[in-house]
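Two complexes are shown next, each including chain A; its partner changes from chain B in the first to chain C in the second.
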Partner chain A sequence: MTSRLMIVDDSNTIRNHIARLMVDSRLPGIEIVGLAGDGRKAVEMAGRTRPDYITMDLTMPHMDGEACIGEIAKLLPDARILVVSALSDKATALRAIAKGAHGFVHKPFSDETMIQSLLELMS
Partner chain B sequence: MKSNRSTFFGRYRALLLAIGLFFLVAVSIFAFNYGLSVQLAIDGARVKDAGAIRGLTQQHAKAILSLSHELAAGDMIQTSQAQLSESSLALEEALARSLTSAKAANVVSELELLAKFEKFWRPLAEISKSVERREHPDQVDVQLALTKSNANNVRLMQLADDLTQMIESAAAERTRNLGTMQAAAIALALASFLFIVFYTLRSLRRSDRVAELARAETEQIMTTVREGLFLIDRAGAVGSQRSMHLEKIFPGSMPPGAEFLQVLASLVSDETLKSAREYIGLLFNKRVKVALVKSLNPLQRVEITADEQQGKPAVYLSFDFHPVFSDQQEGVAAVLVSVVDISQQVALERELERAEERSRTGMSLLVSVLENDPRVVGTFLAGAEASLKEINEELRLIKAGPGSYNMLINRIFRIVHTTKGEAAALALHTVTRQAHLFEETLSSLRKRLDLRGEDLIAVATSTGELLEELSKVRGIVDHLGAYAGGRTDESSATGEDIHHTMQRIQRLTLAVAADLGKRVRVETSLTDMDTLPDAFRRLLKEGLPQLVRNAVAHGIESGNERLQAGKTAEGSVRIEVRRGETGVLELEVADDGRGIDAGELRRKLVDSGRYQEHEVAAMTVREVIATIFQPGMSTADDVNEHAGRGVGLDVLYSLVRETGARIKLVSTPSSFTRFILQWSPAL
Partner chain C sequence: MNYRALNPEDIQVFSEAISTFFERMTQKPARVRTAYMLDQPETILWNDFNGVIQVSGGFRGAVSFSAPQGLLTEVLAAMGETEQSEENFLDVAGEIANILSGRARRHFGEALDIATPLSCVRQGAVIAQLAEGPAYAIPHTWGPHEAHLVVHLDLIQRR
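Now for the complex of A and B:
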């Protein structure tokens, strides 16, 4: 059974970094089903690709992560969402998790932290 | 649930068996009693029948005797006949009942006895029947019956007695046996009851002991553990079990049942409290992965402000939260909170940071001094210290009055600005920073026209602080001097190599550009530099830093601005020292930046309030441009370490005048600016 992963971040570098990390780490059965650069696109893509797991930035154009998490949680109640954001604003992160996310990883993150967190998310 | 049930039966099997046995025995006793009472009734009836047989035998004999007497006397015989008939019938009935019951009980001896009775009774019964029914019985028959009755009566009585006795003793025997059995059953019931009581008490005592041991262990843990430990439930209420250490480290009181966040409310900021409420809420949410939100814990390191602790050092606590799951409840039942006092750790970290900062500053100072020729640094220090001491002296001796105060402040400003420029050129950043702070103090004073004596106190303090920074550099130079065998001889410091100066200036240019986030390429061109007069050397040493700072801060645009203007992102600053044909020495600093826009300058002159609009309108371009050399005039929009005070070119202008040089300025807006300082012995 494959785990479908979607990566949402307005930074192209971060998106590609997480995607590359998933390929390089050879975690079994992870399929990257989408990369989205803003909240609106993320909601649209989530509806289309129905991911099981999502990494989610908070500050993004068009629709911020908090609103995006709310939308996706309604759309895909079983999807697990990992917030990936700078730690400077804990309050926003807490609100985002209350909206329907499952965990939090702060930027900048080490490769190991990201892999461990995704494994924890999938457990 | 299934396993729970099986362990329940396993643990209490003996008790359940004892209770079962007790019930069985109790029911048996009741059944026994019932059987016994039925048997007693039967035995009673049989004894009664046997007794009746005896009595009726006697009654029968008496009736025959009466009949015989009445017949002989010629009296009425009906009564006796009736009595005879009655007793005979009753006896038959009693006999039949006894027989039935004896057969039912299958008592052989009794049956034999009854058979014997029957044998003696039957002939008598036959005769009496013939007598009792006739209206006038035959005298002979009556006599025969009497004779028979007399003959059999004693025997019948005897047999009836024996029967009675036999039944009675059998009944007594049975009653005794039943009593023994009953006593045994009661004893058994009592035994099982006692077992139940004993077992229950023993179980209770054992579980009490286990509970007591567990309680004692918990208490040992709670009194020994070096953490504040307690539970909070879903409603946020604090549990009854708290570790003793909690009282030591937690400044407020946290009684059982109190609401944790309410207790916390008076000790932390509202924002932290709000975040803590949200965070604890998340921990009770089954969806959230606790390991993945640990970094969001707002109480991981929190400064506790307790009113009664004013004056004491700040207390830092670290709260950690672990969800507690329970069998009885779905999801998270409670959250275990562990609190640790990290004040010492925080203090240590701060101290380390300070030490690192000190060593960084010390190291950077050391590196700066090492990068420069110690003699040059020595010269700089001597000059700056002399100037600052002069300031102190003048502050002490100044005559009261706003005019003289303002003049002094302006003079001090120029000295401090020169010191800052030289320090920056030597990469002595700590001095540069301190001089910059001094400038800030001075520029706020410069704007005022109502200066008073006490305003100068701040100037004296800042002078002291700048001297302090200089003395730190002096300390390092002296140390190095000691190692180098006194190389920091001041008298030889004037002979700094021109190439060394240029390297320094190049470094300064790049450092200023990096500070302002600009990209700059520096080119230098030096020709025929063997013999330079002191005046020109001074222009290089004091004027050049101002010129390059000016070029980078004001001339060169930001990378974006340059790209938009169609230039390369990297700006260019060219420094040239050349000797003209007529022996004129020239220092040129050229940048390919935004140039000087006369129109813009006119607007600034009006905005700054220095000139009226009509005055500016009447000025020629040349006159407008010349204003940039006036004190306090700057084209920069905001103030930083490198620009905005309007001092640099003012200082340059004074220097040019003092050395007898000439200044030339060529600029095209959006294209370039060139400053040329010319000096010749003839001038």
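Now for the complex of A and C:
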């Protein structure tokens, strides 16, 4: 069974880095269905591509990650969202989880941490 | 209002953020060299590409990360990025500023009001003086390249 993954980050290099990690790590059955650089585009893309899993930055233009998580949680209640953010204080993490996130990875992340966190999200 | 300059532990937070970025994103650690106080009161953008955060709300000043194109070229390659463009050099500088912002928020608390991190190519430009205390430069060596972290912050102590 294929797991559909969407990557949301306003950094082009971080989006591509996560996508490459997924390809290089050869995690079975992951299909990247979309890359979005801001929250508004992410909500639109989520409605269209219906991902099962999402990595989500918080600090983004147009619509920030917290608002985006709230919108996507309403749109796709079964989607599991992993926040990937440099905002590493506890209050931020708790707010994101309250909005509907399921996990939190602090930037900068190691390849191993990202892969392990995604595996936990998918388990 | 009264202003207090940063202590070494405050400065170390930013330096560790830079070191962690290199270690985790490139698997190649940066060497942090001895910090020194700058003569000039403004924050100088030293190199080709710069990431900057400006703060207020209980604090005032700016923190910048400044790197030459050669360093960012190798960082992008280490991250597996094949497109070596000015847009991506700025993207990495901005991402480092973003990480500095996150670490600052965690260390100093939510009273720290941080403007959206920005990245720019203005080598030799200065950020208008925002802090009264001294600015510190912390060189970071990564491979043959040298980048600079400049921390110029005051902590405002209200009486």
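The rule is short, and it goes like this: the second predicted complex is superposed on the first by the 120 of 123 C-alpha atoms of A that agree within 3 Å, B and C clash if a C-alpha of one lies under 4 Å from a C-alpha of the other, contacts with A are read in each partner's own complex, and residues count from 1 in each chain.
Criterion: contacts are C-beta pairs under 8 Å (C-beta built on N, C-alpha and C of every residue); 3 or more make two chains touch, one makes a residue touch a chain.
These figures come from a predicted structure and were not determined experimentally.
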{"item": "First, second, both or neither for A:H62, with chain B first and chain C second", "value": "neither"}
{"item": "First (chain B), second (chain C), both or neither touched by A:V105", "value": "first"}
{"item": "Partner chain(s) touched by A:R40 [first = chain B, second = chain C, both, neither]", "value": "neither"}
{"item": "Partner chain(s) touched by A:R50 [first = chain B, second = chain C, both, neither]", "value": "neither"}
{"item": "Contacts of A:A91 with chain B and chain C, given as first, second, both or neither", "value": "both"}
{"item": "First (chain B), second (chain C), both or neither touched by A:R4", "value": "neither"}
{"item": "Contact residues common to both interfaces of chain A (with chain B and with chain C)", "value": "87, 91, 106"}
{"item": "Sites on chain B touched by chain A in the complex", "value": "271, 274-275, 278-279, 281-282, 285, 287-289, 291-293, 295-296, 298"}
{"item": "Residues of chain A that touch chain C when the two form their complex", "value": "11-14, 16-17, 20, 24, 59, 85-89, 91-92, 106-110, 113"}
{"item": "Interfacial residue positions of chain A with respect to chain B in the complex", "value": "82, 87, 90-91, 93-95, 97-98, 100, 102-106, 117, 120-121, 123"}
{"item": "Chain A-facing residues of chain C, complex", "value": "20-21, 24-25, 76, 79-81, 87-88, 91-92, 94-95, 98-99, 101-103, 105-106, 110, 116-117"}
